[in-house]
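By letter and in written order, the chains are A, B, C, D, E and F; residue numbering begins at 1 in each of them.
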Amino acid sequence: MKGVVVRNIPRVDAAVAAGLARMGVATVHEAMGRLGLMQPTMRPIYAGASIAGSAVTALLAPGDNWMLHVAVEQCRKGDVVVAVPTSPCTDGYFGELLATSMASRGVLGLVIEAGTRDIKALTEMRFPVWSRAISAQGTVKETIGSVNVPVACAGAMVNPGDVIVADDDGVVVVPVADAAKVLKAAEARTAKEESTRARLAKGELGLDIYGMRERLAEKGLVYLDSAADLKGR
Amino acid sequence: MKGVVVRNIPRVDAAVAAGLARMGVATVHEAMGRLGLMQPTMRPIYAGASIAGSAVTALLAPGDNWMLHVAVEQCRKGDVVVAVPTSPCTDGYFGELLATSMASRGVLGLVIEAGTRDIKALTEMRFPVWSRAISAQGTVKETIGSVNVPVACAGAMVNPGDVIVADDDGVVVVPVADAAKVLKAAEARTAKEESTRARLAKGELGLDIYGMRERLAEKGLVYLDSAADLKGR
Amino acid sequence: MKGVVVRNIPRVDAAVAAGLARMGVATVHEAMGRLGLMQPTMRPIYAGASIAGSAVTALLAPGDNWMLHVAVEQCRKGDVVVAVPTSPCTDGYFGELLATSMASRGVLGLVIEAGTRDIKALTEMRFPVWSRAISAQGTVKETIGSVNVPVACAGAMVNPGDVIVADDDGVVVVPVADAAKVLKAAEARTAKEESTRARLAKGELGLDIYGMRERLAEKGLVYLDSAADLKGR
Amino acid sequence: MKGVVVRNIPRVDAAVAAGLARMGVATVHEAMGRLGLMQPTMRPIYAGASIAGSAVTALLAPGDNWMLHVAVEQCRKGDVVVAVPTSPCTDGYFGELLATSMASRGVLGLVIEAGTRDIKALTEMRFPVWSRAISAQGTVKETIGSVNVPVACAGAMVNPGDVIVADDDGVVVVPVADAAKVLKAAEARTAKEESTRARLAKGELGLDIYGMRERLAEKGLVYLDSAADLKGR
Amino acid sequence: MKGVVVRNIPRVDAAVAAGLARMGVATVHEAMGRLGLMQPTMRPIYAGASIAGSAVTALLAPGDNWMLHVAVEQCRKGDVVVAVPTSPCTDGYFGELLATSMASRGVLGLVIEAGTRDIKALTEMRFPVWSRAISAQGTVKETIGSVNVPVACAGAMVNPGDVIVADDDGVVVVPVADAAKVLKAAEARTAKEESTRARLAKGELGLDIYGMRERLAEKGLVYLDSAADLKGR
Amino acid sequence: MKGVVVRNIPRVDAAVAAGLARMGVATVHEAMGRLGLMQPTMRPIYAGASIAGSAVTALLAPGDNWMLHVAVEQCRKGDVVVAVPTSPCTDGYFGELLATSMASRGVLGLVIEAGTRDIKALTEMRFPVWSRAISAQGTVKETIGSVNVPVACAGAMVNPGDVIVADDDGVVVVPVADAAKVLKAAEARTAKEESTRARLAKGELGLDIYGMRERLAEKGLVYLDSAADLKGR
């Protein structure tokens, strides 16, 4: 599967993607049953961005960004590019020119398990990138890789077309076939949290709202009046 | 000491805490004789927050945030929660709901040697967190830990009630019994620095202000006119 | 070469330095033939700073910032201090007072392969620092080092007087003798990128602008219509 | 795909697996076209082990090794267990008892993107483990995961049944359908290297054996007689 | 508590210490209720060492090993030295001479959250060290610290006299008052594991021995015949 | 200085090199005044190797080992190759074939701030490598670098011909012009340590041998009889 570009991939419905972006990474991840999260080494280059869209994947040679140029042609409005080198690398695979090219095709952002550069320009363009490093180190264009093959990015498996949801909390991957279902679960979760938040804001305790006291006692939790009572335990 | 909640802990005087927050972490740490600093892996989720208050501690099972719910009940206005898992963990133990609950009780912030999430919401609420990671990964509620027992957090020992001072420079722990004395020392230090700063701003050299030239010469420091003079040394 | 201060070092022309700062780290690094970049562990303490100036170097004992005080005296308007401890260290060697002193002499910023502190004050002063850590941990003044000797900082060799260019993308070192030539190359590169950017912004593909299609085919890149065609490859 | 155990998976032919183990990770990885390698954070607990077998995969909750017990039942002689927690974790999921159980079923070893323990006993048993950490920290059995679903382990995608080749150089994953073909390519590569090694051992240069001199000259490589000739370049 | 040496500390009974060493870190940690484990960054400098003894603690200035010399005088036969710098440091605080001195007093080994050196000599002497780094970088003797005060070492709290158990799996701390009780619990655990191991070695499954099948079904674990059945789940 | 090979470099006298190897890294580093040490991330692939020889340096493109082949031709008996990529990289630049080639020319070992592979074969050949990673990931031969130019390797500056001393404690660089002088200082140091070791082995204290007690008292070190006396300090 090296040296291959797959032209047609599934895409998520735009409204579903928008809904998932609104829900946010933490809620979507919970709604997924806590699957699909990328590792916390993946950080946004600026705070406040929040996107969701289908993944166009790129499998890259180490220190070689050729396949990003190939990937751009496969992108459509609303896509998110997910790029992974085949060995650990912090080089700056991506910068202002590629961002201009992707933005012109309606790409929402980039998730790359490597480095990115031109941070100031990308921030001014509001083209968000989630990466494991910031590095000015450029890359060569000598070795081919693949576009739109399954990749493992920062601990998560990404199939082309899967929905990438990314914000300040990180990046989560939703299988495209599950997107609508996950959105519904996320919305239900959010609705429920709304009333819990109101009660917590008034000073009610989670211990009472969630009815935790009995189970804590069963597990053996003991309350002591002071540190002095710890002696001899 | 597992499975224990201690209800009563000492608290720092509010005015002393406010004074320590005003002095800041770097100055307080110097005033402490350079003891009590947490490791620099502990970073704030947003810039500019500055707090000080007595620690309510929570010892957590890995990937399990149950004890944070238990800890909330033990918190009072002006407290700072300090939470530590019993093995290294980056999971997102803490988010918007727990922050809402803590904020409703007047808690000033959280220091956690693990991960946190809901970064955008916490930033908008201005509920500061110092953590070693940002991660959307949720936690379970299956294993008990303890509240208000001594903990080791990011290299510093924290006894319940100790004053936690945290800002953009990191987190330092002041034993509650020493808080007033440390504040006084910090204020003295700051006053002295004020006049030094004024002299430095005018262009005077630290070498002269601190009288360093003689001791440098004793240690053998040599001045050369140019790199050419390095040859043969 | 320990215990030595070299008084006279070459300096870059101010206009050339200003030009290099304007070009930015990523472009200058490309113009250098991808040499001289510091490792991406070196990060700015706040976003948006962009400087270039000749290096005054300081070789420091671990946990000992004495030589920074010695270095200040050797600084002139437009310089950038580059400081390196002789073993890995995250201690906070540098803070508000030293920044005040350096600023009063016209120093543009500090690059230190260690920690810095007083982040809030430095940010308000707009005195930029690129460091590998933020830490309130203070340092002693017991062991001498050297000023204006060659140092290896975060993977790059720095000779006193070399031009340090630093911005949100990191830090790159330009030999002072090459500075004008590198600026010219960077400007040529930027001019060329300008027209490329315009074409990319209109939706032209890099594949076509750079004429990549033929060489990709030669390397064996294959286009498939769908993932189903991957089977058996 | 959480909470699922798949009972039947493909298995590699035993002779092919033995051949791949003999070839070793570095050669197999080259024969794969440099795909499928796990990250170098995965290290063996003792030197000298060398195995290859089909993967029985386990997707684990953080700090929870329940699914390893479930996975054992699905193992056959010659299998290799590949285990991954759903968030980064160094806890000691695996020790002597599980190793005894796996060994009794003919499992060749474990690859786990987490921690392992009982290092002395495992070494004496010669039950090899490749892991990212060694930790005595035990795990709970509270949350289910899955067995024999696709997983991303240390940057590599692993489908159940894929051949895991592991030795002192690390771990590489060969799709089960490609195993025989990859073995053939690896053997061809090894045969070719044999004669190259003999020539190199006699003092012939790679520059000549591989005919590199012309291409180096084309790329612009310049030979100088001494460092003095570097000036002005 | 800086600049203090406490002369008298509690010591564990020698037979209890020997028993804890025999049980090993993983078993003792379980018997402790999974408390007191140091982080897995602490590694032995050679494989196979296994010790247990009361802690003589040393709180060190960064890059300064003066207090190790002070600590030696406080050591007795059977002790283990636990040393911690007040900020993160990898310098080589400890080598052959200090090991010779400690060995002459019957010290069993060193646990240091910093670096050590003279690895070959220490290995030949069989003087074990658990450290977070190996580094030839020497240290100064300029700043005092303390001996036999409570310290936080690699995430664990250590009170002087606490039993340090260390082997290939890491380091665990047992409060001296609990040592006999923990030994008993560890021995009971080991006895029980013995029969389990025998059953596992014969091929019985943990699923049956531990009676896990019912609870797994309750949690919703589903068995499928093949990967094809995953579709649509 | 990219794309350059310098043919003639200075070499250390063989007897001096042998003497430095015998002294070992820690002692040589002390004799150097604690300069020239590489960072502790550089580790030997097997224990017990100990070498010293003049550096043939190679500056490599990331993920590209072409210049190692070029470097071999420049090597003579007794040399040590020092290789550095221009951006952080863990790829396996070096393996059995290159080792065979280097060994046939009398090269003593390799120091590389990147990855190496074929660990088993290199260990059997007794060809030592100090590297920051072990990785089976191969490299390409597409981009030229340089041979025998100054490089910064793991924090140390290396000029071609400088003496590289490497053993289990790490790697230190001795300027070739200083080698004889440093050897003499190291031998003097070792001789002096010999008598100290004998005294320590008999139970004398460093406090007395080095006469530390008075200076400790001056610095304010206080001896207390028990922990109880810590209260109120």
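Quick note on the criterion: a residue touches a chain if its C-beta (ideal position, glycine included) is under 8 Å from a C-beta of that chain, and two chains touch if they have at least 3 such contacts.
Please read these numbers as outputs of a predicted model, since none were measured by experiment.
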Partner chains shared by chain C and chain F (touch criterion as defined above): A, E
Other chains in touch with both chain D and chain F: A, E
Chain whose mean Cα position lies farthest from chain B: D
Same-site or different-site touching of chain A by its copy chain B, using the half cut: different
Degree value of the rotation bringing chain A onto chain D, based on Cα positions, nearest 5: 180
Farthest-lying chain, centroid of Cα atoms versus that of chain A: F
Chain C and chain D, separation of their C-alpha mean positions in angstrom: 37
Computed distance of Cα centres, chain F from chain E, in Å: 29
Gap in Å, rounded to a whole number, between the CA centres of chain E and chain C: 41
Junction residues of chain C - those touching two or more other chains: 1, 34, 37, 40, 61, 86-88, 90, 135, 137, 143
All touching chain pairs, where touch follows the definition stated at the start: A-B, A-C, A-D, A-F, B-C, B-D, B-E, C-E, C-F, D-E, D-F, E-F
Interface residues, chain B side, partner chain D - complex: 61-64, 86-91, 135, 137, 140, 142-143
Chain B to chain A touching residues, read off their complex: 1, 3-9, 46, 66, 69-70, 72-73, 90, 92, 95-98, 100-101, 103-105, 115, 117-120, 123, 133-138, 141, 143-144, 148-149, 160
Residues on chain A engaged by chain D in the complex (per definition of touch): 1-2, 33-35, 37, 39-40, 61, 84, 86-88, 113, 150-153, 155-157
Chain B-touching residues of chain A, taken from the complex the two chains share: 24-26, 29-30, 34, 37, 40, 43, 47-48, 50, 167-170, 172, 193, 196-197, 200-203, 205-207, 210, 212, 216, 219-227, 229-230, 233
